[in-house]
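Worksheet: the structure to be examined is printed underneath.
First chain written, first letter: the chains are A, B, C, D, E and F, and each begins at residue 1.
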Amino acid sequence: MNPFYLLVSAALFALGAYGVLARRSAILVFMSVELMLNAAGLALVAFARAWGSLEAQAVVLLLIALAAAEVAVGLALVVAIYRTRETTLVDDLSELKG
Amino acid sequence: MRRDQAKAYAEEKGIPIREEHGMLHLVLPLSEFKIHMRAFKEMGFNYLADVIGVDYLDYPEGTSWQHPERFAVIYELVSMPGFRDGDGSRIYPRVYVPEKKPRLASVTDLWPSANFPEREVYDLFGLAFEGHPDLRRILLPEDAEGHPLRKDHPLGETPTLFNDGRYIDPASFRAGLRGKDKGLTGWRGGRRKGERR
Amino acid sequence: MIGALFVTAVKALVLILALLFAFAYITWIMRRGLARFQVRLGPNRVGPFGLLQPIADAVKAIFKEDITVAQADRLLYWLAPLLAFTFALAAFAVIPVGPDGWVVANLDMGVLYVFAASELAIYGVFLAGWASGSKYPLMGGLRSIAALVGYELALGMAILPVVLMAGTLNLQEIVEWQKQHGYFIVYQLPAFLIYFIASLAEMSRTPFDFAEAEQELVAGFHTEYSSTKFVAFYIAELLHWIVGSALIATLFLGGWDAPFGLPEIPVLWLFVKWALFIFLVLWIWASWFRTRYDQMIRFAWGVLLPAATVWFLITAYYVVKGGMA
Amino acid sequence: MSLVDLFLGALLLLTGFLAVRLKNAVHAALALAANFILVGVVYFLLEARFLGWIQIIVYAGAIMVLFVFVIMLLYAARAEVGADPLPGLKPLAAAVGVVGFLALAYAFAGVKAPLAAKAASAALSGGTAEALGPVIWQTWLYAVLLVAALLLVATVAAVTILRPGEGGRR
Amino acid sequence: MIPEPKELRTEEMLLNMGPQHPSTHGVLRLVVKLAGEEVLDVVPHIGYLHTGFEKTMENRTYHQNITYTPRMDYLHSFAHDLAYALSVEKLLGAEVPERARVIRVILNELSRIASHLIFVATGLLDLGALTPFFYAFREREAILDLFEWVSGQRFHHNYIRIGGLREDLPEEFVPELKKFLDTFDHRVDDYQGLFVGSPIFEGRARGVGVISAEDAIAYGLTGGSLRASGVNYDVRKAYPYCDYETYDFEVPLGERGDTWDRMVVRLEEMRQSARIIRQGLERLEPGPIRDPNPHFSFPPRELLATSMEAVIYHFKLATEGFEVPPGEVYVPTESARGELGYYIVADGGSMPYRVKVRAPSFFNLQALPVAARGQFFQDLVAILASLDPVMGDVDR
Amino acid sequence: MSVMALAKALGITLRHFFSKPVTIPYPDAPVPLKPRFHGRHVLTRHPDTGLEKCIGCSLCAAACPAYAIYVEPAENDPENPVSIGERYAKVYEINMLRCIFCGNCEEACPTGAIVMGYEFELADYRYADFVYTKKDLLVDTVGSKPQRREAKEKKKPVKLGFEVPYVRPELEGVKYE
């Protein structure tokens, strides 16, 4: 077992979490989410390496496909919002909250 | 023919007419000029071919043409053949613009194609078109001084230089050809600044 | 280990030199070839038949003043040509030029490697567009990404039937398969056509060269580049052409395999097939127009991708039913 | 844990840090792209070679390109300008990050690998496409189908959201 | 007007095209307002090539001015010579002999072909096709060679004289012209094969930059661009000059007024021009080439040695030029770009009092914003090229 | 059929690929000029007597729309005439920077003295070098100023960059090597 990459992935996840909270631009928040997803993938692959589990790797493959779908919709939303509101700052979109 | 129609209209309204070289010139009064132009447009002159500015400052006296004011703006109206019921009639209404108050109404609302040529007349003659959507200089730089096609605007030709300081000054050379001036005379000084050999 | 590394390094060096030489002369071929299509002579002043022209061009380009636009993003402005150049060069590493050993890196997933390299090379293009701090390059950069979104899927979909039939992602093995069974252009003609069209876009050649459309964008993404940085882009751009042609020859025309039972000479046969595609691209360049980028995307998504998918399904059915594998 | 691992780990953290800290969105996106490529390299080292390529192609080649495209399209590179309406959020975010890291690290520390490295490596057989294929198409078949359907829906959704001629010029 | 930055949406971008830009056909500056790649508005800024020809011509004799006219529209330069000469001849009441009229028609049509060749060449180049450019220049070179045979000049011929032509055609001209005509039809077929029907060209040009007939009239379009919108207006048919009414030719018309029509109409016009030239060749009978009126025509060179009167006329014409009776005249002609005419105000002197050139490109350029709004930026250059502006003609 | 049109375009370009290029490699190969070409002016001489035809009447200067010609006449010495008439051109200069090669001077010349020749390689460096004097224009001189300077430096005859099918009769006495 090589816990090193697990630690790295934990750190990356933490960085992503920080980014999601601290960033103000919708695109950058979104990028931080991607960073977190990647950290999860890294952890899974590290586990797979330790367990000798190809299934875990397959899950990462699905994860990547999911990420692609998510990004397509997410970025489309960002562009659509930008078109109507002309901003990418999350805080300016607060009226969406209700 | 719309041309005859326009002629009849002019006679009815008392607009002076002049026919020459097969062209029908109509001298519209400045005050009611736009009204008449609109009438022409409604008559079917759907195409404005040109807007021509002329400065009659030193137009010689004694010819059969009389020019009451210094500037004239000549419009060329066509009933476009090949489009709807156009018959190819051409008329040349003109309006004289006094030097003291060089402004007249724009016809861009009747013929959008007057946009550029009116700007050109404004640029080169300094006649302001009231109601023009975008009256700026068009051919000259925005910061140019004067209106070059006015007759009192200097031509600004540069002399042609030859060896040993000989030169031809175009304006006086031209004058010399016509016996108005002594022609080939003047300065015969050294070389141009910075010239070697 | 060290020995193998050394061999690889030497191979890579030789390949890089060969590619740079090929680049230099492809500019000559390009200009002479285009000129012949256009009933003129092309460069003929420097050396016999203008053969020294590339060298003269290089010398001239390098000694030009290196300009950086004041608005530019310095780091990326400098990085972009480097990225474009590196990834364009890297893609050739897995293309076999001869039987065993005549390849720099015999990766078991070489197709994926080529794919990754060609995608990453786009970074150089649009970073250049963005970092120049000028509007024309920005539009060129945006167009290049738009094009990427268009062709990349069709490109991948068109390779899949080949991979499926050969049962491997290794380029060397794909060539070996073709040596045994015959060339893929015979089995996979639709895939070949789709792949060829998509790779025209990938090489950004006519009719899909709108990212650097000279007429409206002046020179697209590299408008603001001069001197060596410009040369890097120029090399990268032509390397795409070189690599793209070599790849299509490898995938569909049997690569280094000698056709018609002719004697097998490494490099030579790949070179011949490669030259064929170089000429084909040149020919199309001389004959056709530039599409509009939205039309290209519509074409890629509306025609190429569905066609590639259908063909992939047909091939899959065939392979599963126990055809060749 | 070799030197290579250390080096890669350090680079990963650095690029990740840059990705969440850089002011310029294009720079941040590039840092993130570098991070993704490095993750792909780590996948190679962890005997997941097919995944490594896919990671590079999809994440670095497609997803990040889309990000950069959108940033450039919206001229949103200098996004975070002006006064921060919630200035207190940054330390809080940092705190959440640190706590999250510690919790995860604690959880991971308790994990014990059941297999020896050699055996695990043999089971993975390099994580090539051949090895991965049966798993995907047998164990995870329904998941794959679900993801495929999701991808299709996502494509349709993205196109619908940006459909021209609705509520605007385009 | 360029909008103030405040009015700008962030998504919009102001792009300054020119005055030095590969596809502005000279020194034209376009300020383009873009949303992404969509053109919201175009504002042409002209005048970078303004040379003040009109002012200069007021200070040269009628004879000397012939050297200035072709320099405006340097592509269809013969049209300007001809339009100017026709106006002055009308003022003078000069009689142009039959042979001179036929030669004028032949050369005018040749020049028109040369101009349309440039149009096709640069228009297709703006669509990204490199090769037609060189093919068209090859044919144009042949035409320029023909002009060189006739006048010794390739662009600025100075071949037309008030009342006729400078000198007769050289012997070699007619065979050379026939040789050219024999190959020319195949060459036009080649151009046609290179773009008409090609799906890429269809995609780039069909329905792009549409100008309706109403808009075309309103914004002052003439020439091929107007005919592409379906308006059958060709000055050669509507107000015939130089006996154009006796030549048998068709006026190609478009239907939709898009880039495609504007391109193809000009292509067809080249064929019709070749047809006119063939008819002209048949009519080419030996005869005088100049109105012998000594008032404005140089006397024959042989007479200088024998006749004192001829010498006096010669000296007077060379130094002072000839006097033109006062009057104002305008003769419309059809240049490759549209209706071209010289409005000349004569005051009885030997120099025109005022010359106004009705330059077709100047008016055609006004329609650019109309055609380009809502189109893609990539199409803007194609639309501009299809309107065929020549900046020398625009700026004068 | 649209694909056929694309193929047709390919066919047309391929046909041209195998046709002869039309390029004239100009500095190596001479440019074929037509007899009426308007090149650098030539001041001709009377073929029998060898006297200059120019009588200094300045008609060319007057006809020139660019004011590029300067003529200063002087009385001929009856013993040793320079020209055929009473007067001759003491100074005859053309400023080639101003000249637009229209040929009006040729048309205006009553004696056929000034004729447009064929030389067109006039590019030079200094303003003064563009003023062509009688010495540079007279019929015995071959080549433009820069050409002759280069020939002098290289000690070779002047290399002319053109060829004409025949020389116009007006240019009597002109010899091109």
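Following the convention adopted for this analysis, a residue touches a chain if its C-beta (ideal position, glycine included) is under 8 Å from a C-beta of that chain, and two chains touch if they have at least 3 such contacts.
Everything numeric in this text was worked out from a predicted model, so none of it was measured.
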item: C-F or A-D - the one linked by more C-beta pairs in contact; value: A-D
item: Chain centroid nearest the full-protein CA centroid; value: E
item: Distance from the mean Cα position of chain B to that of chain A, given in whole angstrom; value: 70
item: Chain E-chain F separation of Cα centroids, rounded to whole Å; value: 28
item: Chain A and chain F: spacing of chain centres that average the CA atoms, whole Å; value: 77
item: Centre-to-centre distance between chain E and chain C (centres being mean Cα positions), rounded to whole Å; value: 45
item: Multi-partner residues of chain F (each touching 2 or more other chains); value: 6, 9, 12-13, 16, 22, 62, 66
item: In chain D, residues with contacts to at least two other chains; value: 50, 54, 62, 66, 73-74, 170
item: Residues of chain E whose C-beta touches two or more other chains; value: 10-11, 36, 131, 135, 138, 194-195, 198, 200, 319
item: Residues of chain C touching chain F in the complex; value: 35-41, 44, 283-284, 286-288
item: Chain D-touching residues of chain C, taken from the complex the two chains share; value: 73, 75-76, 108-109, 112-113, 115-116, 119-120, 122-123, 126-127, 129-130, 138, 141-142, 145-146, 148-149, 152, 169
item: Residue ranges of chain D in contact with chain C within the complex; value: 24, 26-27, 30, 33, 37, 49-50, 53-54, 56-57, 60-62, 65-66, 68-69, 72-73, 77, 128-129
item: Partner chain F, residues of chain B touching it in the complex; value: 157, 160-163, 166-168, 170, 173, 177, 191-192, 195-197
item: Chain A to chain D touching residues, read off their complex; value: 1-25, 27-28, 30-32, 34-35, 38, 41-43, 45-55, 57-62, 64-73, 75-80, 82-84, 88-89, 91
